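What follows is a pair of complexes built around chain A, which joins chain B in one and chain C in the other.
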Partner chain A sequence: MNGNPLLEIEDLFTVYNTEIGVVKAINGISLQLREGMTLGLVGETGAGKTTTALSIMRLLPEKTGKVIKGAIKFEGKNLLDLDEFEMEKIRGKEISMIFQDPLSSLNPIMTVADQIEEVLMIHQSDKKKKSYNFLQNSQLFLRSNTKIERKTDEILELVGISSDRKREFPHQFSGGMKQRVSIAMALICNPKLIIADEPTTALDVTIQAQVIEIMEKLKQQLNTAMILITHDLGIVASICDEIAIMYAGEIIEFGTVEDIFDRNKKHHPYTQGLFDSIPRLDDDKPRLKPIRGLMPDPTDLPASCKFHPRCDFCMDICTKQNPLPLKEQMHMIRCHLYSGSKEL
Partner chain B sequence: MSKKLYDGLESKEINRIKKKSQVQFVLSHLFKNRLAVAGILFLSIMIISSIAIGFLVDYKVIVKHDLRNKLLGVSARYWFGTDGFGRNLFYRIIYGARISLMIGFVSVAGSTVLGGTIGSIAGYYGGKLDIIIMRFIDIQMAIPSTLFAICIVSVLGTGITNLLLAIMIADIPQFALIFRSSVMSVKNSEFVEAARSNGCSTYRIIFRHILPNCMGPIIVQATLNLGGVILTAASLSFIGLGVMPPTPEWGVILTEGQEYMRDFPTLVIFPGLAIMLTVLACNFIGDGLRDALDPKLK
Partner chain C sequence: MENVLIKTVDLKKYFKTPKGLLHAVDGVNITVESGKTLGVVGESGCGKSTLGRLVLRLIEPTSGEVLLKDQNILKYNSREMKKYRLHMQMIFQDPYASLNPRMSVTDIIAEPLIANNLCKNQKEKNEKVKELMDIVGLAQRYSNSYPHELDGGRRQRIGVARALAVDPDFIVCDEPVSALDVSIQAQILNLLMDLQDQQKIAYLFITHDLSVVKHISQTIVIMYLGQCIEEVSNKELFHNPLHPYTQALLSAIPIPDLSSRKHPRYIIKGEVTSPIEPEPGCRFRTRCPHATTSCIGRDIPLFEVEKNHKVACVLFER
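Then we have the complex of A and B:
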């Protein structure tokens, strides 16, 4: 496998201190992402996927969200040790984020070009230590910086939007085009890592395909690493190199696409359940088999295996003890089913 | 062929749109609204003529008593007639626009900035700071603003500056409340989070992303208040707590006209009309601006 580790998450615990109690959103996840690779984070709503992303960006809600343990190393630096000012330099330049809903993630009163240029301008002025000129950047004045403008045109053409339309406002674009604009915003500074938080969930299927195609093309062109958060296993299969399946704030199975999608290999019962919940054309089953039950209450998680109340293969030990991860090369499973054997 | 023609038209259209800046967009939209245009026209005529009268007519003429010509009707020489002291009512009303509009603009600008700062801080940072600030605002809100202004004037003494200060302070809570609620509603939008994820600083997020998105209600409130402030100033002067006679302020002119109201109603109708039309003009402009500033209507 190629590349050095770009992002390393070590034993991360994140909680939300709310009025009803402490919500344990992430319970000790460890991840590694190498340069140019794509990692898919898959799981139910509330599994902690978005919290993971926000922890990396240090954008957890200020008053409630808190990382209580662990380290997030980006190129060897622990992001959790940086102060807010250093973090601002990393956000958008080194790590950028694509949000779920393109309808609301663009500022409605700034033109598309202004929003893209803003990202460039922030990080450029960092580099040159030039004092920031408010008037020059203002919409009311003519832009003198043609270099920035050219770069904006380029990136818009790259995501498939005619640069003629860059002086238009977000509401003049369709949903898919808006998502392409936010992809352009995320890419403009050539970040090393993009976190895409369900980038296709709010789009319809044909547009989903377009957006995925663009993301894949750009990833190959720019060699950017990506964390793709989604519930859509189809998208994961088409774009990701590695997949982490999350449940109740833990990674319960991790592996390459081949490991996870190979039905003949051993899988966590939850992964099995996820695949059984997808309709298949070649199967003649009259009904889908959903996973019974609901996610456990995150304020009151079982100390043992968090999936055991819903598991068909639940054993005595499952109710008492949290399983340790079992590894075979890249493939990792956390389940007592396989804990008898030393290897998978 | 028809497609080609259409394409040609479209690119021309795009070029035309591209050449327009944001300000031009807003202005062109504003000028499509007839009421707003009427308001702008009326206010500009008022402002220009009130400035011009300072150069054309000696201030002494405006305040000098001329009892031989008192209480004359409308005529070619005295357009609005003369008041109880024989002064030209038209001159006095036009000159009065200087004071009334000045008080209006300055105090609204002042309370927008002060209230805006307080409200934005409370709305953006929230928590205990918000609670403390808002309780003070609540206390002030409990006192009717005219009464509050009267209190301040009676402590500080009468005069234009004190009147201005009084009205400014009395209007702070309204602006603080509006800024706070708009900042709070915009603060949690996804685009603010997106801006933060692109590395924007707090300062930048507040001034470039949050406040511009709050402008609609604030501009409307400011223009509505402009009318209200002119009214308050006039009423404070009317009860003798604001501008002192013989300075030609609209409230003062009303007070002076009050004793002749039965026999010479023009003495109160004309200053009343001046106040009413100015307030109305402000409101029309406010409505027009609100529509023009909303990019969704473009």
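Then we have the complex of A and C:
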């Protein structure tokens, strides 16, 4: 166990005000992430994974998205209390994000090097920033510019792109290479926390394996904490330390990888359902056991357990009361099945 | 092999591009037996979707033959072809893009019936649509809904119902579950397998997901840059993959199990090379750890290593 809590989310509620009604995207999640750890956020479409990330980054769509309750503490500071100017200093420097689709997250009319350097320019100390603005032709600027250039070359080599290619544009790179560029951009300021939102979903498996290998290597080298958002339990098993399983805006199970992947331990029926739904290479089950039904409508969520309409173990109490979290050390489950016992 | 339903002979499709000829499918021989599933796996750009379209003659091949019950369908004109299309249907990847947003569920499912004059009157049509909706597990209350009102899983069920409408012997499934969440994906996979049991439909199942293809197929073809590089039964695929690319693919898949952490993964370097006018020789050689000079200069054919296991690699050439 290393490190102090880096990020603490306390009882967070986020909604989207849309034409069809209020979409309750996040319904009271609490999380803790320590320095250097990797947390996997797992769930299906609409579970609230990306909204969690956007809430932390304060990048929710301005007009519709809103955090209505809770706190997001980064190194003890509540990010929700900061003004936009202060938040800009954190975003990209202390916390950075890697998006799912490298094609749309890079600027098509800037060279790769320019995009990476832009991050550095913006986050330089104010004094140097002035020099960037006013003394573009002076010696001072040139000197700091070569420094920036060297840093850019270094980071590109680190993610496995030859620095000869840095004057190329995003469209000249393949999907896997583009994702490496966005990783480089995210890492350039040595952030303490990286949020990676489905970073490999758009890539082929062999390229995915390469990108995961790089992320793993860099994480160890730089000791960066990471929140990895994914729907792929395989990726989670290979690089995460802790896992939060999300369903309809709640964390329904949390634990270390050992807790979640130990099939002999107790699990939330939804977690169990997820494992039963995936076809596996290493065993020959003749039939999959899907979870019946569909995700609940986020504008009209049940007040009790959100999973009860799809649950095979649904009891009377499940339709009336939202279960409280039950804990055993790190392992947490929200389910009435286990609420008879005080511990798991 | 008995009961051969679909067979391709040296099927090729080259596309003209400004940079030269793109070899999308380059000499592929596959066989689909009736009532069985042939899985086709490969990464993006390997020609698997093009292969699916060629087999249905949705695009014309550059050369080669597609045999449906020993009849070369490429010889038929469009009127004769229409008759044969009743035997062959397709389910598309994207349930959002493959359904007409201005048609109701009933209209979409009934369209193949009307186009092929399979129902005499309105009543018969409605009954048939109702029956199809029951088969694929769509509740009757959706019959007047439009695609945008339904979620991905239900939309894909419409796609399945539409393909079943003409009572086909053979369906090409082009990534039918890759746009769906895992729990919904499992529902659709089970549905497809049940239909095969009940109606003895043969599938050509195209996907990039090895675990899905292994689950649903009896035989699996692995494609790389337009060529078939290994053909193997589903059990052998996991226990005894031979081609270095197949091994790399298998090893690249993250297994949802902690035991995978202990095994060092075998990660291949580099990326897929250009499919435009490739030089003769093994197309994987630029990324292959076992590449030698014998991999260059001539195309390596598929040959049988064991019964029902073919591979195209010089390492196994006798």
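Please note the rule applied: the second predicted complex is superposed on the first by the 323 of 344 C-alpha atoms of A that agree within 3 Å, B and C clash if a C-alpha of one lies under 4 Å from a C-alpha of the other, contacts with A are read in each partner's own complex, and residues count from 1 in each chain.
Throughout what follows, a contact is a pair of C-beta atoms (placed from the backbone, for glycine too) under 8 Å apart; a residue touches a chain by one contact, two chains touch by 3 or more.
Nothing here was measured: the structure is a model prediction, and the numbers come from that model.
Three-chain overlay on chain A, with chain B and chain C fitting side by side and no clash. Of the two partner chains, chain B is the only one that A:S104 touches; chain C does not reach it. In the superposed model, A:V119 lies in contact with chain B only, and not with chain C.
By the touch criterion defined above, A:C240 reaches neither chain B nor chain C. By the touch criterion defined above, A:I90 reaches chain B but does not reach chain C. Of the two partner chains, neither chain B nor chain C is touched by A:V42.
The superposed model places chain B and chain C at 80 degrees from each other around the C-alpha centre of chain A, with the value given to the nearest 10. Once both structures are overlaid on their shared chain A, chain B and chain C have a minimum Cα-Cα separation of 12 Å.
Those residues of chain C lying in contact with chain A across their complex are 43-44, 151, 153, 181-187, 189-190, 193, 208, 210-212, 214-216, 235, 238, 248-258, 260-261, 265, 267-269, 271-272.
Residues of chain A that touch chain B in their complex: 57, 59, 63, 85, 88-93, 96-97, 99-101, 104-110, 118-119, 122-123, 139-140, 164-165, 167-169, 171, 182, 185-186.
Put simply, chain B touches chain A in their complex at residues 11, 14, 17-18, 21-23, 126-127, 189-191, 193-201, 204, 208-209, 212-213, 295-296, 298. Within the complex formed with chain C, the residues of chain A that make contact are 44-45, 174, 176-177, 204-210, 212-213, 231-238, 257-258, 261, 273-282, 284-285, 287-292, 294-295.
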